[in-house]
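Here subunit A shows up in two complexes: once beside subunit B, once beside subunit C.
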Partner chain A sequence: MKIPLVYNVRSVLQRPVSTALTALGIALVVAVFIGMLALASGFRTALVRTGSDRNVLVLRRGADSELSSGLSRETASILAASPHVATGADGHPLVSPEVYVLIPLPKIFDTTQVANVVARGVSDQAWTVRSNVRVVAGRKPESGRSEICVGQRIVARFPRTGIGETLRFAGRDWSVVCHFAAGGSAFESEIWGENEQFMPVFRGQVFQSITMRLSDPGAFAEVKRALETDKRMTVDVHRESDFYVQQSQLLGRLLRVLAFLITGIMAIGAVFGAVNTMYAAVASRAPEIGVLLTLGFHPRSVLASFLLESAIIAAAGGAAGCLFALPINGIVTSTTNWASFSEIAFSFRVTPGLLLAGLVFAVVMGVLGGFFPARRAARVPVVQAIR
Partner chain B sequence: MRYLPLVLANLGRHKRRTFLTTASVALALFLFASLRTVVTTIAAGAQFGSARRLVATNATGIVFPLPLAYAGRLRALPGVQAVSWANWFGGRYGDGKRFFATFAVDPASYLDMYPEIVLPADQRDAFLRERSAAIVGRRLLDVFGWHLGQDVTLQGTIFSGDWTFTIRGVYTPSDPVINDDMLIFRHDYLDERMNRAGFAGWYILRIDDPNNAAGIAKLVDDQFRNSSAPTKTGTEQAFNASFATMWGNVSLLMNTIGMAVVFAILLVTANAMMMSARERTGEVAVLKTIGFSDWRLFGLVMLEAGLITLTGAVLGLGGAKLLYRATNFNAAGFLPGFDVDGTTLAVGGAIALLLMLASGLVPAVRAARLPVVQALRHVE
Partner chain C sequence: MALVQIRDVYKSFQRDSQRIDVFTGLSLDVAEGSFTALMGPSGSGKSTLLNLIAGLDRPTSGTVRVAGADVHAMSAAQLAAWRARHIGFVFQQLNLLPVLTAYQNVELPLLLTRLSKKEREERVRVALGVVGLDDRIHHYPRQLSGGQEQRVAIARAIVADPTLILLDEPTGQLDARSSQEVLTLLQRLNSEFGKTVVIVTHDAHAADKAKAVLHLEKGVLIERAAVGA
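Now for the complex of A and B:
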């Protein structure tokens, strides 16, 4: 027969301080666990959302990032003429040959610190090719003028990026004519201008990448083979979504490893705390346990009951940890993505899945910490205990 | 100290609890030391830089090169003693999973510029003699099991194609902040292969007087202000610091986690101390009856807490120090010179004392204030 749950709840309430301290310890571990994974998840999400699986990204063969790539105008026209490219409403092929460079911009809160920000020169089609990009204020830059559009994550963090202001880089003044959103993706940490304007001031007659919309997204493998074996050029063809996921891997993996390492060590400490608490609970309740056993409760029930008690304390701690971690959801932070060497801003993402993982983690800690004390409880020698 | 046996006996009564609590403290301080060392290592990297070295980069951005023709003009500037240059070479070895930095440098002037890169004389000569020669850090050599004279082939990501270098030297940095995880090869080899002479990633200048650093930097920038490639010149330290700031809010993150860890363990220790004290109410009353003063009892509880936290501190902090030293850890080249420093050990020790106070205080005060008669009533 099972021991009623209310017995555990009442027992827990008998020693509130000790229980609260143990639960709070577990809460902190869970909060750090969720917080660090929210960071990793936010970073990854920003990059995952950047690419579309309907687009392909073409780089020079062997280049591992847009920065290290270089493609000629000739390559751009070969690609634009490819039969696999979708056509826009105006009849132009949806191709955007792009200039991709990093420019140093001083940060708003400390102008002695500079960040490497992506400046991307795009074609007029880019705004259609990248379906997640949307102008939220102002108007698109006009062709042939020194105008730029600034990603909305840049705006708050760098000075002189408001609409109507001029930003100086590469020896020229650029007027900011719009801000754009891109669904929380890495594009929001970029500055966009026209490729023909960026080309002469940066690296001369060369594009860094070419992005195009496929007319048939299912035909990716065929397109990849056709373009990569084309003798007129030496290129690598990536699915845009895969490319950005891969760009997130170096730092994303580092963050996840750190999260598990740090919370793993913390968890051992918290489990030790739970072990102490539960042993003390078992020791101080030995007579009660004796009575329970005399009443005919099976030792297995006693074991289950104490395990459950430990799990309940831990789950309460886990729930508190989730509450501690919730406020960080949405906080914007920034770091350098070492895979692309550019600074990217993203927000912490506390997902329901992470909260659930935190709770499960807490319960696991509780069960681990409660097992040996519970086994001790089940083995209490009845006669001695009741005396 | 007369009472040490008594305290030890008390600790020995619940051996498991004492062990678990000490182990939690040790783990917490190990974690604390590791996290703080990440912060201090990044900071040390940002601090590094000789006061007599300036770095000139392209004002448009670090990814843009500067004409090689600048070298002569820089050398001619007053106050400039020596000029060298280097270029970032994005290289991938094997499957590319183990990343390391690769630079193309002007060999003779670069080694003169950086006496911190220690290379045996014969290896230096070999590097200067052979165009396709490269030198590698000791760690890199060990990681891949390379040996002197071996040909290694890298795939260029910026400069495409396969690049084969012959390892002619193994350097050891005299300053731990310098990465021993790099491959350095000759700039003229790069020029020859690319069929283009003349671009440097950045210039390094040695100046005669550190006090003139700002003036000389301005002189350099003025010199090229109206050229197609204007420069941005600053001290080597500022150059390194700009890389350190790229980590963003890492320091804040590490410190926050460190605090959470310490606080979580405080709860564990405090709980353990309180449990021990509660079980001993009767004994404390007996001790009082036979003449122990309130203060002495207070001290006994504190001593007990202190023994636990300080033992934990010695294990945790010492463990971190020894572990990172023994494994020569550097986070795969990201954190060169990773070593738990003296300040971290001191702060860790202070935290252990704080843990002792915070966890011992409540039970100690309780023991001191215990009303004897009432407590003895419960003694069986």
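Now for the complex of A and C:
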């Protein structure tokens, strides 16, 4: 049987200051670790939620983003006539040829700073094709009018985006008639208007992308092959969900790498803190270790006991770090999505998985920091220790 | 019959460039059921001898056999298990783990056995009863007097019913009354429970309680005295 856990727990409580400082160091590392991964997770989730498995996104062949794509009205007509496209309740094909442009808007908190916001010109079908989009305040823009609907995430971040206000871009005034939600997706960082209104004031008679609902989502491979080999157009066909996941990868990966890099450097400091604390513990408790070895406890039990003690301190620090990180959950922040060069607002997502990862990270730091002191404890010369 | 057989033991230490020979061919028997006091001046090798018998230290050469087992032929793991089964050890001070209660300290050797929790509890209560501390089981060492601490240490030394009880100056830090209590307890363990006891002491009064007294001087056994305790 092993050395009882109560011995470690009470020994830890015997030196509250050094234990608390070590745990605090680990707590800060864990809080930063969770915070940065929550940022990456929130960003990725916003983009993942943007796409639907049931939709396909069509771009000009070779275009890696909507910004660099261009599709003619003829292409839009061909796609709308495709037998694979689902039809709405009104019998019209669920296809939305869309204009996609970036407009510079001053930020509400610092009007000297300008962010690129996506202005998306959509067809009336877009509100059905994107099933997660719904108007939360006001009414949908009417066809033929200079009206726009603003994603709810950017309402508080840019001036003159309230319902009834007028936003000026592309040389025209646009009346804000509604705010919309889109299940926390990147659409909530966009401004939507009618495609026929946006087209003449932005990039002429060209759409940037066409999104359509498949009648059979399982037939994606067949649809992709059929459309990409259609001689009348030169397009790439993406499953919408895959496209937005891919859009999140560059920045998402960078955020994760940064999280591991920064917290890795901080962790080195925290591990050294644990090393110091545990070396001090081993030195001051050499006679106790001598007693345990004399009683017949194996040196491996002593090693495990001190490793466990270090892990207990680290786990306490990890739990504190989780508590420190929890309040950032849901806080909205924004950044530029490097794949589209547009402002995207999203929430920090502190998930149970991240909290668990934080705790595991803390325990790993504790075990690393405790290993050499624990090994020293296991090798204490009994005769000297009990003298 | 000899429970402990020490044959031609050499033990030397290296201190800086100087070699210190503690024993040069020591041979000694300790009979089963005996109560033996080891006396001698500081540095005579008393504690070293006790450590060799307990397998805490290794001789440079020679053999130490306890209950037929060649102590120093065992691996570290075998030695740890053997010590848990056969040896009860009491130090001069710092015997108890300060964060554990008297009960938990006494229970420690039993955690190395296969006894159930209930069996362990029975044994701990009996051991603390033998040393007269059954009313102090939930006290921490800081809440006990020096004499009571040593009695708890003795309870821990006997709780697993070891073959041999070794005590290294157990009364060295105690006042006269506490010292007397501990010595009376050791006598009782020997005479009433038949335990083999080896005690290292400077104290002639303590040695008087033993049935046999061995004098060591500079690592050499210079006198064997039988005492009518």
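By definition in this document, the second predicted complex is superposed on the first by the 387 of 387 C-alpha atoms of A that agree within 3 Å, B and C clash if a C-alpha of one lies under 4 Å from a C-alpha of the other, contacts with A are read in each partner's own complex, and residues count from 1 in each chain.
Keep this in mind: contacts are C-beta pairs under 8 Å (C-beta built on N, C-alpha and C of every residue); 3 or more make two chains touch, one makes a residue touch a chain.
Bear in mind the structure is a predicted one, so any value in this text is a computation, not a measurement.
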| item | value |
| --- | --- |
| Subunit C versus subunit B, contacts on subunit A by residue | B |
| Touching partner for A:G296 - first (subunit B), second (subunit C), both, neither | second |
| Contacts of A:V101 with subunit B and subunit C, given as first, second, both or neither | first |
| Contacts of A:A89 with subunit B and subunit C, given as first, second, both or neither | neither |
| Subunit B versus subunit C as contact partner of A:I386, first or second or both or neither | second |
| Partner chain(s) touched by A:L28 [first = subunit B, second = subunit C, both, neither] | first |
| Which superposed partner A:P287 touches (first subunit B, second subunit C, both, neither) | second |
| Shared subunit A surface residues [contacts with subunit B and with subunit C] | none |
| Interface residues, subunit A side, partner subunit B - complex | 17-18, 21-22, 24-25, 28-29, 31-32, 36, 39, 60-65, 67-68, 101-104, 113-116, 169-171, 201-203, 234, 250, 262, 265-266, 268-270, 272-273, 275-277, 279-280, 283, 333-336, 341, 343 |
| Touch list for subunit A against partner subunit C, complex | 1-4, 6-7, 10-11, 13-14, 287-288, 291-299, 382-383, 386-387 |
| Residues of subunit B touching subunit A in the complex | 16-17, 20-21, 23-24, 27-28, 30-31, 35, 59-64, 90, 92, 96, 99, 155-158, 160-161, 230, 242, 245-250, 253, 257, 260-261, 263-265, 267-268, 270-272, 274-275, 279 |
| Residues of subunit C that touch subunit A when the two form their complex | 47, 51, 54, 56-57, 76-77, 80-85, 87, 89, 91, 94-100, 104, 108-109, 111-112, 156 |
